[in-house]
Structures are given as structure tokens and as C-alpha cells.
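The data blocks that follow each hold one structure.
Below, chain A partners chain B and then partners chain C, in two separate complexes.
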Partner chain A sequence: MTDLIQLLINGLAIGSVYALAAIGFVIVYSATGVVNFAAGQFVMFGTFAGVAMLLNAQLPWPVGYGAALLAMALFGALFFVVLYLPLRASPVVTIIIGTVAIGITMQNAALLAFGSWPFRLPSPVESVNLTIAGATISGHAVAVVIVTALMVALLWLLFFRTSLGIGMRAVAQDIKAARLMGLKVNRLLALSWILAALLAGIAGLMLGPMWFADTSMGDPIALKAFAATIIGGFGSLPGAIVGGLFVGLSEVLGASYVSSAYKDLISFGIMILFLLVRPQGVFGERIQDRG
Partner chain B sequence: MSLLQATEIAKRYGGLAALADVDLSVGEAEFVAVIGPNGAGKSTLLNVLTGLALPDKGRALLDGWDMTRAATHKRVRGGLGRTFQHGRPFERLSVLENVMTGAAIQSGRSELELRERAMAVLDQMGLAAEAQLPIGSLSYGHRRMVEMCRALACEPRVLLLDEPAAGLNSAEVDQLVDRLTDLRTKHRIAIVLIEHNMGMVMRLAERIIVLNFGCKIAEGTPSEIQSDPAVLSAYLGEGYRHAGV
Partner chain C sequence: MSIRVPLLVGAVILIAGLTLSMLLTDYHLRLLNLAALSAIAVIGLNFAFGYAGLISLGHAAFVGAGAYGVALLTTLFAWSPWLALPAAVAGTAVLAMLIGVPLLRLKGHYLALATLGFNVSFSIVAANWIEVTGGTNGISRIPELQIAGHALTDERSYLWFALLVLAVSAAVAALIHGSRHGRAMIAVRDDETASSMTGIDVPRVKLAAFVLSSVYAAVAGGLFAFHMRFISPEDFGYAHSITYLAMLVVGGEGSIVGAILGALLVTFLPEWLRFLGSAYLAFFGLFVLAILIFLPSGLAGIRRPRSFRRHGLMKWPALVAASKEARP
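Let's look at the complex of A and B:
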């Protein structure tokens, strides 16, 4: 029982990271129709932004986190200007291949800057351990779950309670009609990329202390975030959250109760099962076309 | 001086001249209808005026401002509003949220002001009771009204309407005619109406422009247009003379 509590919290923590990565992925997909193959590298950049600010520059926690997230926001804006804006009139497949190219570039740039030796990114709460029902639980895992819940609540407020968010949802549905409402469409599209980069940054900062910071960590994250969106329902924000948590839990529980060698097999096996049986995912919306 | 002035607008799609040297001028609070058979270039004209398509030739002025190549959102902020032919409300937004996207046109409004402003427009158009509903639960006529409210929330000085009565029943058409009359008389909004419902056009329009194959073939008051030979042959074919019309 104590093991199970520990595993559940750890599964929720890693699942939260997948969920944030998946939310960033879904925000970009619903706003622009682009499947961002660099999404995993965004998270890797988030982790290494933490490495640069906290380990290399030795900044104190709040300043270091703030600087890392600011860097990620700027990176999201840069990504929009360098990749999306010049290609926005091209077929969406061209942009998708562009994200692949930039993803490869990002990984190699990180390799060049930080080397192949992994880093250990610290956590401000790593010395805190909680005991619940006899189970020892890492403070970082709990913090990750809390921060993710907070981010989800903030995103909900943004999308459903502010005109900025309503504008972003309008742009995601019909760009021409949004222009006719006087909305500054390019600015709102840029905001989608910035938001995705920020969420990936938060995911990366939280993932660093759980995994080693390694420049090749992007691809496994991308695959897990992708599995999460398939399971939850492609393009659905609640789906990204549920899918992310589900993948995290199945991975941790599978590794513990079945075999750690098969943990990926379990999460991807479930994804394939969903593709076969319920391709629209848990929160499957009917297929809709974009105007 | 006209509020909206388009001169010698031309637009080709491949070998097809969708618009050939079309002029349009609309004065303040004036009601102009653009009619013509399907494919005459009416929607293309609205696309060019709103910047969704750029003309190959010609100029478009809004209150003296040359907007020929301006971005759509700037034209909207300059006082141009438009609805689509088949109605394109934001399906996954509520009725109120749809209208709020338009109300955000004036920057610096608080969220509360945006909501109040959007509610006021819905109230004015008789949709206040449905503010919180998703678009999917509305009747076709009300969906189209939401689109109109959304455009009105942008506080346009010229409203371009692309077949607003299509798919409405006759009671809804009567209601629409009343609302459009109100917009013009009480709110001083100029209206450019594309419509196939000739009864509605003849009741509302002060001036009618007739397009056929991208060319303006006639312009005048409703009674002038009704007796114009070029218009009659465009609509009824050359044989109308023998039909005793």
C-alpha cells in the first residue's frame, strides 16, 4: 500500500510533465494546425535553460526560474518569427517538416553548447520529504503536481475568462472570421507559440530533477506527449491533461509491477490500442474542419 | 464625400475576371444593395473590400483613407464590418463569447466592459436570452443573427452583409428588415447588402448596383433597376422581351 502511494505520486508527477508538454502541443495544433515535432526539444530547452541559469550562472531560485522562463518565451516568439511567419502561406506539411528541421537544430545546438555529459538540475524542494500513510514522498513530486494543477487553472482562466483567450480560441477556429472581428491574428498566433514554449519550459524545469538533463531527452518526451494527446483525444486540452497523467501513471506502475524493460511498451501499446479501438481518444470530439 | 469608395476594382482568378473595373460608393447611413446572378462577383467584391482578397487593380477608400492593401483587422478597426454568406460563427464559443471577440475592437476595455458591451448588442438584436448557449444549439436564423451581432460589436460605420436572409423563414426575414432599418436610421450605419431576396432588396435599398460576369451593368434606384433592360436580360435571358414582362 505504501509502495502504491509512492508510485501513484511519482506517476502523477511525471504524468504532469507529459501533460504540460502535451498541452503546449495541443495549443499550437489547434491554433495553427501544425503538429510541432520540435515539442520534445522545447522541453529539453526548458531543462537546459534551467541548467544555464541555475547551475552555470548560479542565479538564486526565483530569479533563475524567471530568467529561464523568459528565455523560453523569447524562444517561442523567435520560433514563430523564424519558422511559422515565413512559411505560413505554405501547405501545413511544409511547416511540420520545418519543425522537424528546427528540432534537430535545437538538439545539436544544445549538444554544442552543453556537451553530451548529463547534468543534474536541482530542485528547490529536493530536501523536503513528506510522509503520507507510512510512504515517503519526494517534495519535488508533490510540487510538480501542484504547479501543474495551478497552470491548468490559469490556462482555463485565460481561455474562458479573458478576451485574450477568447480571441485565441476564435483564431483557432476561423482565421478569416477572426480577422473580420478586428483581432490581431498574427499576434494571437505568436502568443500560441509563446504559450507552448512557456509550458514546455515549465515542464523542462520540473523534469530536470526527475531525469538527468541530457540533450537527447527531447525525443522520448515528444513521444510520450504525442501518446498522451492520442489517448486523450487529438486537439483536446482536457484530453492532453488526462492523457499525460495516464501515460505517466501507466509508465511508473508498469515499470514497478511488470518490468521496467517494458514500461514504454505499455504506454505505447495503450496508445496503439486507442488508435485501433477509439481513435478519437477519451475526449474525442467529432472530426471538425477548419475554416 | 463618400464614406466607402471603391474605384475601378479588378480581380482575376486565373483566366476568369471575377471583377472588371467595378465602382462602388456608399455614403454615410446609406443603404446600397448589390445584386446579380450567381458568380457575378458579389462576394469577391466584399472580399476585396475587407482585404480577404487583394485586387489586381483599383483603389478602395474608407472615409478618405486608402485601405486598398491594408490588413483586414485595420479595416475593421477603421469601421468596416462584414458577415459571411453561409454564416461562420465561432462554433466552439458561446453566443456571448462570439460577440465579445468583436467588442474587443476598442483596446483598453476591461473584461467587464467587454461583457456588458456584448450583452448590450445581443439585447439590441433580441438575442440576450441565448447569451450563454453554445452556437450549436441555436436555430439557423439565430446563428446568422449572432454573426450580425458579432459584426455590430466592432462598431462599424459600414456593414457589408453577404446574403443575410438566405435560409431564413419569412417571419425571420421581416424581423431582419426591421433590424436593418433600425441600424441605419437609429445608429447611422451604412449598409451594403448582397441579397437574392428581391422583395427585401426593393424594400430596403436606396440604390442598387447590378453585377453580371464581374461587370457593373446597371446602377440606380429600385424602380430604375426594375425597368432596366440590361438587368432584365441578365436575370431573365434575352427572351424576356417576348415573354411580355
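Let's look at the complex of A and C:
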């Protein structure tokens, strides 16, 4: 029982990170139609922004986290200008290959800057340990779940209670109509990329203390985020959260109860099953047949 | 289409390759071998993606199925390589059919992510089913190919053989492109509803394109196994699927010549960027991005008129020009 509680909390913590990465991916997809294969590298950049600010520059953690997130926001804006603007009229596959190409550049740029030796990113609450029903739970895991819940609440407020967020949803729904209504479409699109980069940054900063910070960590995260989006439903924010938590839990529980070698096969198997039986996922977009 | 074009394509590949094989060092011959094998796989991917418009991110898994099939048949069951290769190709085709029937109902990025999931699953199984695949240690001691008692062990003679297979593959692909079946695939890519209205069996054409692409992939994989004589799961990860797709997009999708040019360029590019030292992979990504932005119809599109757009949809001036060219 104590094992189970521990596993559940750890699964929820890693699942929260996947959920945040998946939310960033979904925001960009629904606003701009871009399937961002560099989404995992965004998270990796987030972790390494943390490494740069907290370990290399030795900033105290509130300043370091702020600086890291600022860097991520700038990076999101840069990505919008360098990749999205030139390629926005291209076919889906060209954009997919473009994000993959940028992802290769990002990973190798990080490798050049930080080397292949993994870092250990500290957590501000790492000395805190909680005991619940005899199970020892790391404070960081609990903090991750709380921060994710807060972020989801903030996102909900942004999208449903501010004119900025409503504008972003309008652009996601129909760009032409939004432009005709006088919305500054490009600015809102750029904001979607910045928001995605910020969420990836938060995911990366929280992931750093759980995994080792390694420049090749991006690809596995991207795959988990894809599985989460498919299971939850492509283009759906609640779906990304449910999918992310599901993938995290299935990974942690699968590793200890089924087989640690095949733990990833569980989430991908379920992802393919969903694609076959219910491709719109749990909460997903209605799939149209564009004939 | 007349038989001339495929013959010409094949002849050019052989002549250019034979000339190069006399000039290059062993290391570059090895790269050229890899490029030729990739080109076979990419010509296959061109059926699925370039003609039928199916975004497959699982092509490397089919290359891997061919390679593992050949490796297992020759090492575990001691089959002759010449018997193992067609058996592995046939097995891969059956696998592609089993995968294709359910997955090809999906479209666009759903299909892309489903095939990606298939490729990742393939890698996980290949890396963990140790009793059969040897896990991450892979399979070594794959026998070499022999032609009339002459073993293809050195890079130059293997290249001659690989070029011959590439030339035949390209010629067959050009024939299919010009046939009713090739046109049916292209029609399905351009407009599914319209092509099913004209009596094309859309699911069947899609499945045919997918299986055909896996056959080419398996041939490339089998030859890869006989060339390296050692295979391991990381040779067939999903990153390789993306590389194949990048080769096709960089070369120019829907074009056999483009598939070959793309395979050559993407294989040799890291080599040419070596002067950048350890930063070369970072520039490789930027270079591919630059091609996507500035040459939207790929290398093969350079000689085409501007109005001949990426989708193969022609604007009317190009259409008029093309119909004039077609007259004798």
C-alpha cells in the first residue's frame, strides 16, 4: 500500500510534466495548425535554461527561475519569427520536417553549450520530505503537482476570463474571421508560441530535478507528449491534462508492476489503440473529412 | 509513358555511380553505399508519401523488418542470403498489410503519429526481445553476399551491386509512376473524394502504395544488413524515419530523381559540413530548414518552372507549356 501511494504520487508528478508539455503542444497546434515536433526540445531548453541560471550563474532560485522563463519567452518569439512566419503557408509535412530540423539544431546547440555530461538541477524544496500513511514522498513531486494545477487554473482564467485569451481562442477557431473583427492576429499567434515556450520552460524546470538534465532528453518527452495528446484528444486542453497524467501513471505503475523494459510500450500501445478505436481521444476535436 | 525514361534514369545512375566508384576513397565509397541504400528506401517512401500523400513516420521500421528478417534467417536458420532476402521482403510486405489495413483509415498528422508509434514500438521490441533480436547488442556475423563465387566484401564491389539494385528499383518505380496505378495514387493524394467518384478504390490504392513502399524499404534493409553484416535497433529508430522523410522533402517529393538526390545530399551533407567541427549537426538542421524555406519543391524542383507548384497542381501557364511539350 505504501508503495502504491509513492508510485501514484510519482506517476502524477511525471504525468504533470508531460501534461504541461502536451498543453504547450496543443496550444500551438490549435492556434497555428503546426504539429511541433520540436516540443520535446522546448522542454529540454527549459531544463537547460534552469541549469544556466541556477548552476552556472548561481542565481538564487526565484531570480533564476524568472530569468530562465524570460529566456524561454524570448525563445518562443524567436521560433515564431524564424520557423512559423516563413513556413506558415507550406504543407503540413514541410512544417513537420522544419520543426524536426530546428529540433536537431536545438539539441546540438545545447550539446555544444553544455556538453554531454548530465547535470543535476536542484529543486527549491528538495530537502522537504512528506510522510503520508507510512509512505515517504518527496516534496518536489508534491510541488510539481501543485504548480501544474495552478498553471492549469491560470490558463483557464486566461482563456475564459481575459479578452487576450478570448482573442487567442478566436484566432484558433477562425483566423480570417478574427482578422476581420479587428484582432491583431499576428500578435496573438506570436503569443501562442510564447505561451507554449513558457509552459515547456516550466515543465523543463520541474523535470530537471526528477531526471538528469541531459541534452538528449527532448525526444522521449516529445513522444510522451504526443501519446498524451492522442489519448486525451488532439487539440483539447483538458485532454492534454488527462492524457499526460495517464501516460505518467501508466509509465510508473507499468514499470513496477508489469515490466520496466516494456513500460513505454504500454503508453504507445494504448495510443495506437485510441487512434484505431477512438481517434478523437477522450475529449478530442471532431475529425472532419476534408475531401 | 514510354519505356525510355525509366531506362534513361537507370543508365544515368549506373554511369554516374561507376565513374564515382573509380575516383573515391574507401571511406567515401562506404558513404555512397549508404546513400544508395537510403535512396532505395526513399524511392519506396515516395510511393506512400510523394504519390499517395500518406505521411508515414514508420518507414525505418520496415527497413528494420527487412534487415532483421534477413539477419535472423541467415544466422539462426542458416539460409542462403539469396533465399533470405526475398523471404524477408515478403514477410515485411505482409507486416505492412497487417499494419496498413487498420492504420490507413487515419489521415494527416493522425497517421503520422500512429506510424511514429508503430516505429517506436518496433524499436522497443527489437531492443528488449533479447532471445531473438539480441537486444541492443544486435545481430552480428551476418554472411556476405556472393555473386558467382565472388564475395561482395569490399566497398567498391558492393557499391556496384547496390547501384544495380538502385537502378532497377528506380526504373521499376518510374514504370509504376507512368502506369494506371501510379496515376491512381496521385489522384488519391490530390483529391480523395473526386478519385473515388471516378471509380478508384481509395483504400485499396492507399494500401497498395503503403505495401509497395514497405517492399522497397525491406530491400534496402536487407541489403543494409548484408553490407554492414551487423545490425542493432538504433539503426531503425524513428529518427531514421524522419531522416528518410527529410531526404524525400529536401530532394523533392513526388520525384524519383528527387528521392535519389535527397538521399545523396542528406547522407553527404554532414561530411561537407565537417569543417564546422562539432557544430556541424546544429548547422545541418538550419541547412535543411533553409532548403524548406527557399526551395519549397526541393532539389528536383529547381529546373521546373515556378508555376509548377509543390503539390503538383499546375497553374494554367505551366499546363499549357506541358501540353505543348507533350506534342510530338
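We adopt the following convention: the second predicted complex is superposed on the first by the 285 of 291 C-alpha atoms of A that agree within 3 Å, B and C clash if a C-alpha of one lies under 4 Å from a C-alpha of the other, contacts with A are read in each partner's own complex, and residues count from 1 in each chain.
One rule holds in what follows: a contact is a pair of C-beta atoms (placed from the backbone, for glycine too) under 8 Å apart; a residue touches a chain by one contact, two chains touch by 3 or more.
Please read these numbers as outputs of a predicted model, since none were measured by experiment.
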{"item": "Superposition on chain A - do chain B and chain C clash or fit", "value": "fit"}
{"item": "First, second, both or neither for A:Leu265, with chain B first and chain C second", "value": "second"}
{"item": "First (chain B), second (chain C), both or neither touched by A:Ile166", "value": "first"}
{"item": "Touching partner for A:Glu126 - first (chain B), second (chain C), both, neither", "value": "neither"}
{"item": "Centroid geometry (CA): angle chain B/chain A/chain C, rounded to a multiple of 10 degrees", "value": "90"}
{"item": "Partner chain(s) touched by A:Ile104 [first = chain B, second = chain C, both, neither]", "value": "second"}
{"item": "Touched partner set for A:Arg179, first chain B, second chain C, both or neither", "value": "first"}
{"item": "First, second, both or neither for A:Val35, with chain B first and chain C second", "value": "second"}
{"item": "Minimum distance between Cα atoms of chain B and chain C in the superposition (Å)", "value": "8"}
{"item": "Chain C-contacting residues of chain A that also contact chain B", "value": "291"}
{"item": "Residue ranges of chain C in contact with chain A within the complex", "value": "49, 55, 102-103, 105-110, 112-114, 116-118, 120-121, 124-125, 127-128, 191-194, 239, 242, 245-246, 249, 253, 278-279, 281-286, 288-289, 292-293, 296, 310-311"}
{"item": "Chain A to chain C touching residues, read off their complex", "value": "35, 37, 83, 86-87, 90-94, 96-98, 100-106, 108-109, 111-112, 219, 223, 226-227, 230, 234, 261-262, 264-265, 268-269, 271-272, 275-276, 279, 287, 289, 291"}
{"item": "Residues on chain B engaged by chain A in the complex (per definition of touch)", "value": "50-52, 71-73, 76-77, 81-82, 84, 88-93, 97-98, 100-105, 109, 111, 114, 150-151, 153-154"}
{"item": "Complex contact set, residues of chain A against chain B", "value": "161-163, 166-167, 169-170, 173-174, 176-185, 288, 291"}
